[in-house]
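The chains carry the letters A, B and C, assigned in the order they are written, with residues numbered from 1 in each.
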Amino acid sequence: MQDLAFLFSYLLQGLGVTIGVTIIALSFGFVLGIGMALLRVYGNKLASTLAAIYSTVIRALPVVLVIFILYFGISRIVDLSPFLSGAFALGFASTAYQSEIFRGAILSVPQGQMIAARALGMSRWKSIRYIILPQAIRIAIPAWSNEAAIVLKDSSLVYVIGVPEMLRRAEYVSARTLEPFIAFGVAALIYFILTFTTNRGLDYLERRYKLQM
Amino acid sequence: MESLLTLLQEVLPDLLQGTLVTLQLTVVALAIGLAVGLPAALVRVYGGRVPRWLAVAYIEIFRGTPLVVQLFVVYYGLPDLGITFSRMAAAFVTLGLNSGAYQAEYFRGAIQAVGSGQMTAARALGMTQWQAIRYIILPQAIKLALPAWSNEAISMIKYTAVVFLIAVPDLMGKAKILGGRNFNYMELYIIAAVIYILLVFIATRLVRTIERKLYTPGLEMEAERH
Amino acid sequence: MSDQALLRIEDLHKAYHTHEILKGISLDVQEKEVVVIIGPSGTGKSTMLRCINLLTRPDQGHIWLEEIEITAPHVNIDKIRQRIGMVFQDFNLFNHLTALQNVTIGMAKVLKMSAKEAHEKGMWELERVGLVDRADHYPAQLSGGQKQRVAIARALGMNPHVMLFDEPTSALDPELIGEVLTVMQKLAEEGMTMLVVSHEMGFAREVSDRIVFMENGVIVEQGPPKQLFYQPKFERTREFLWKISELYGKDEEESSE
């Protein structure tokens, strides 16, 4: 029984890793995603096309495959821990999805906003930065919350490159205790609680910052 | 380029076998998902207190946990309770139930989008709830859910990839095995990636053509989030 | 005072695809002058206005604002737009900002005023349009007339040398038109140079120094209100004004109080 308690605390430690991977991947995807969305909407033809190709290709692939390819690719260039490589790989994948989300949101901002900003004498960049983007981000909140929940769940996939997040630990616990159902079941439960609280939190964000037009 | 062609010659047959398995998984998962998801959505909207609660529990659990974890619980965990599945069966069941939960949400949204006025009018004509659902609500809801459903269908091709983790010989699984022979994982994963891209491309084209044929003016819904 | 016009438009041409909208417009606006442009819809009035601050690039023609040629190739358009205030039919208030923030954002980001200065000036402009008590409200919480007045305050905050109004009251409910016209009249009395595209005949007759009648991309006739309304030189002018006056007949009677 003592053993069990120790093993399950081991599992719980994976929670931190899971959350860490998720936050890094989401933030990475956020910054790059907005950047790519801006390129797609406001960039020159070349930049815009490249961004479109990136988005289309990545979104056509299974996330596991993207993680594998990027992990192998990243390891050849730079020596990072599996944790970071995995987080960044997941981040690159999320970038593609987030760029679509933000692109849609930017395009939803009424055209008149840009016109009015330019008429005030704001440069294109200032208009994007102070008028378009703030509104686009708020428009994107529902879709982004969805993506956040997905990244949280997909963080389990970095298991394949050996990151000691919850799934890998559950596997270890399962092997040690020979109780796979309980091991994986508890892991599932923890994921469920995580997803549930994250959704609640994001719902609150959505309600609070909803843009009334 | 010589070596690329040689490589392709070597691996393509196996990879194509894997692709067939992938497609098999996709179709079966979607079918199971439909068979489970649509009723779940109906129960969710029209059911009594207890059935509704059960439907919600099913939907929230399968949408709130990672697919991989579900797969492991089914394949590694259930034998503990006396339920053993073969790899393929576990894959089908898990993918199917998982898809069912997401499809249930799409259908629920579509049913609600049809509007309660339709049900009211149907009942006023003297139809039972079931008749109203069958002849008035469902036909409209299914048309409304089509865009989201077809997105799910196309995405399913990607989702099936995780089954390689329980050694199912799908495209991803085959790529891993072949990569292990000569340790040229990267090359094989890239070839697999190209195949996935082609699959998704073809599936997207197919879906667009079908959508256009089934398009009914006036029956549209806001594009699903995701 | 030099007798050089504040704003000079010379032979403006603009076509969309094969359809020519502006067919050679020339117009001078003097300092402190209020010019109202009238005419049937789709005759290029808004297009002309948008050419002035280069929101639309004319195909041909020149525009001068004071000593600068706006249509010259390497001109810094953002700087020029600081001198031109524009008010739109659809208000185009920034939805994510309060009324006060709408007014101050241009001051802060473009004119680089300090937060304190911008705040003070912003409140001053809001007072000018009568909306100080709505400073912290968001556009979604304002009525149409209030939105347009904030839009005017926003444009005024940049200290423009000329104000352009593109059908400022066309999107408003009838009861809300008055409050906006009152603000515009006040501005005119304070000596602002204004170029207004509008259907509001009462305003045109009472407040403008000159009325310009445009149709099919050309200026048919222009002159002081008295001339256009009572002794127009062209039949078409008379026809148009008669039709409009019928529509706005009430305005005529009410404004002769």
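Just so we're on the same page, a contact is a pair of C-beta atoms (placed from the backbone, for glycine too) under 8 Å apart; a residue touches a chain by one contact, two chains touch by 3 or more.
Just so it is clear, the structure is predicted and the values come from calculations on it, not from any experiment.
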{"item": "Among all chain pairs, the one with the most C-beta contacts", "value": "A-B"}
{"item": "Most centrally placed chain, judged by C-alpha centres", "value": "A"}
{"item": "Maximum centroid distance from chain C, chain identifier (CA atoms)", "value": "B"}
{"item": "Distance from the mean Cα position of chain C to that of chain B, given in whole angstrom", "value": "56"}
{"item": "Whole-Å separation of chain centres (CA-atom averages), chain A against chain C", "value": "47"}
{"item": "Distance from the mean Cα position of chain B to that of chain A, given in whole angstrom", "value": "21"}
{"item": "Residue ranges of chain A in contact with chain B within the complex", "value": "57, 60-65, 68-69, 72-73, 142-143, 146-147, 150, 153-157, 159-160, 167, 170-171, 174, 179-185, 187-188, 191-192, 195-196"}
{"item": "For the chain C and chain A complex, residues of the former touching the latter", "value": "53, 55, 78-82, 84, 86, 88, 90-96, 105-106, 109-110, 138, 140, 151, 154-155, 158"}
{"item": "Residues of chain B defined as touching chain A within the complex", "value": "60-61, 64-70, 72-73, 76-81, 158-162, 164-165, 172, 185-186, 189-190, 192-193, 196-197, 200-201, 225-226"}
{"item": "In the complex, chain A residues that touch chain C", "value": "110, 112-113, 115-123, 126, 130-131, 134-135, 138, 211-213"}
